[in-house]
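In the two complexes that follow, chain A is the common piece, with chain B as its partner first and chain C second.
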Partner chain A sequence: MHVFANPARFLSIARPLTGWFGWCGAVLIAVGLGAGLFLTPVDYLQGQTVRIMYVHVPAAWLGMAGWSGIAVASLAELVWRHPLAGVAGRAVALPGAVFTAICLASGSIWGRPTWGTWWEWDGRLTSMLVLLFLYIAYIALADAVAERGGQARVAAIFGLVGAVNLPIIHFSVLWWRTLHQGQSIGFTGSTIDPAILWPLPIALAGFTLLFGAIVLMRMRAALARGKVEARLRRLGSAA
Partner chain B sequence: MSQWPFVIAAYAVAIAGTLALAIGSFVSMRRAERAAEALKRR
Partner chain C sequence: MKAKNQRLVLVLAATGALVAAALLAMSALKDQASYFYTPGDAVRDHVALGQQIRLGGMVEKGSLHREADGVTISFRVTDGAASVAARYTGIVPDLFREGSGVVAEGRFIAPGSFVADTILAKHDERYMPPQVAGSMHEAKSLKP
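And now, the complex of A and B:
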């Protein structure tokens, strides 16, 4: 992992990957969402609203994967003092928060015609809302640490502690059987009909690649800003 | 009740959010990398 600790080496890999991830992601999203909107059949129970799954599930996955990324980066920052770990954690935070918000909004829009309500204090919905608040708190904490020169470890510790919410989100549909449906996709298979399911992995792969491109862009921006600040400090001290 | 407006609204929220995030990140990266390049040449 320390192979990537050198920012110059990291950038030499990140630069070509950003474009590949971004364009491949955009194409897969277009194919997945196009197929989900126009090629899949209507669900016998949910009707047309089942098509919301192709945006809602990738958003939920990325909201949770984003915080998993923050937790791994926080661990790398605390244990190995990896120089890029903090940059990576902060780069993941905003995209993770945006996809969590998209998950909550699309779920709410899906809930109105399906459940008859925009919102319910159900275990899954509430734990996803908590995840959004955790993201907002992490972003505020990381910004405050960066601006006031505090201990970067504080944000890393918060990133690790916040990961406690991830198993709660995952198991919420088993622990509290309320309104949100149970798990329909697992490692061994899916309860969703294959005629409806097939665009979902395409959309999932597309959104994941685009998320990767966004994180790389944000890391590159943070590294470039760091370079500018360091250079300005050097110029200032030389003058 | 037609279900299409709900489907369209969900897709609009997802696509608008994703586009705003991707474009914002791209613009921010380009601006920061150009500033770093310009300073390097000084």
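And now, the complex of A and C:
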């Protein structure tokens, strides 16, 4: 990991990778969503509404994977004082929050025709909403630290503490009786018929690559901004 | 011990303690955080008559009837062990049908007799095309 401790070396890899991730992601998303819209059969109970799955599941996955990334970055910052860890954590937070919001919105739109309600305070829905609030709090905290100075470690500690919510989201449908159904995809297989399931991994991979491209782009932007600020400071002190 | 390793141990110990605390808290919440009572729970917990609760379970096969006024339905909610008679006046979600999950908000007006104000449909984690479902799910729907 310390290979990337040097931002120049990180940038030399991140620059070409951004494009690859972005374009491959876009193609996979187009294929996955196109197949999900036009090629898969309807569900025996829900009919066409089941197609919301191809957006809802990747969004939920990225909302949770995003915070896992923040937790790993926070650990790297606290333990190894990795110079890019804070940058990475902040870069993940915004797209993570956006995908969590997409998950909640698409879930709400899905819930109305199937369950008969836009929103219910059951275990899964509530813990996912808490994740969105955690993202917003993390962004506010990291920005406040970046603007006013202070301990960058505060955001990292928050990032690690917030990770406690991830197992709660995952197990909410097992621990508590919820309106949300149990998990469909596990290590041992899936309760989704293969005819409906197959575009999902494609969309999942596509959205994940797009997420990676956004994170790399934001990290590069943050590093560039840091460089500009340092140069302006030097100019200011020379004049 | 190097400072780096010391920090690693400290952070991991703190995180472990935090996760353990959260898991303990969540398992203590088990009953309170549940979204609905099953018919069995409602009997066991002596839910008071008139108390607003959510009752969840399966709509018993063959129990769904529409009354003469055309908008009132009666059905039985079962959890396999116990079952409760329920009545509801109004429009139900499309997915509400016999043999499928339901969460009804309302209250008991007599032991074993429930009146619902709201009906939510609860579906399970299986998704399949109609051809696959085939005769497996020939449950009577309320739709004509």
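Basically, the second predicted complex is superposed on the first by the 239 of 239 C-alpha atoms of A that agree within 3 Å, B and C clash if a C-alpha of one lies under 4 Å from a C-alpha of the other, contacts with A are read in each partner's own complex, and residues count from 1 in each chain.
Basically, a contact is a pair of C-beta atoms (placed from the backbone, for glycine too) under 8 Å apart; a residue touches a chain by one contact, two chains touch by 3 or more.
No experiment lies behind these values; they were computed from the predicted model shown.
Contacts of A:K227 after superposition on the shared chain: chain B is touched, whereas chain C is not. Once chain A of one complex is fitted onto chain A of the other, the partner contacts of A:D43 are limited to chain C, with no touch recorded for chain B. In the superposition on chain A, contact is made by A:P113 with both chain B and chain C. Once the two complexes are laid over each other on the shared chain, residue contacts for A:R90 go to neither chain B nor chain C.
When both complexes are overlaid on chain A, the residue A:A59 reaches chain B alone and has no touch with chain C.
When the shared chain is aligned, chain B comes close enough to touch A:M217, but chain C does not.
Of the two partner chains placed by the overlay, neither chain B nor chain C lies in contact with A:H82.
Overlap of the chain B and chain C contact sets on chain A: residues 113. The residues of chain B lying in touch with chain A in their complex are 1, 3-4, 6-7, 9-11, 13-15, 17-18, 20-22, 25-26, 28-29, 31-33, 35-36, 39-40, 42.
For chain C in complex with chain A, the touching residues are 4, 7-8, 11, 14-15, 18-19, 22-23, 26-27, 29-30, 33-36, 38, 56, 92-96, 100, 103, 118-133, 137.
Listing the residues of chain A that touch chain B in their complex gives 22, 29, 33, 37, 47-49, 51-52, 55-56, 59, 94-95, 98-99, 101-102, 105-106, 109-110, 112-113, 207, 210, 213-214, 217-218, 220-222, 224-225, 227-228, 231-232, 235. Contacts from chain A toward chain C in the complex involve residues 41-46, 50, 53, 75, 78-80, 113-117, 120-123, 160-161, 163-164, 167-168, 171, 175-179, 181-184, 191-193, 195-197.
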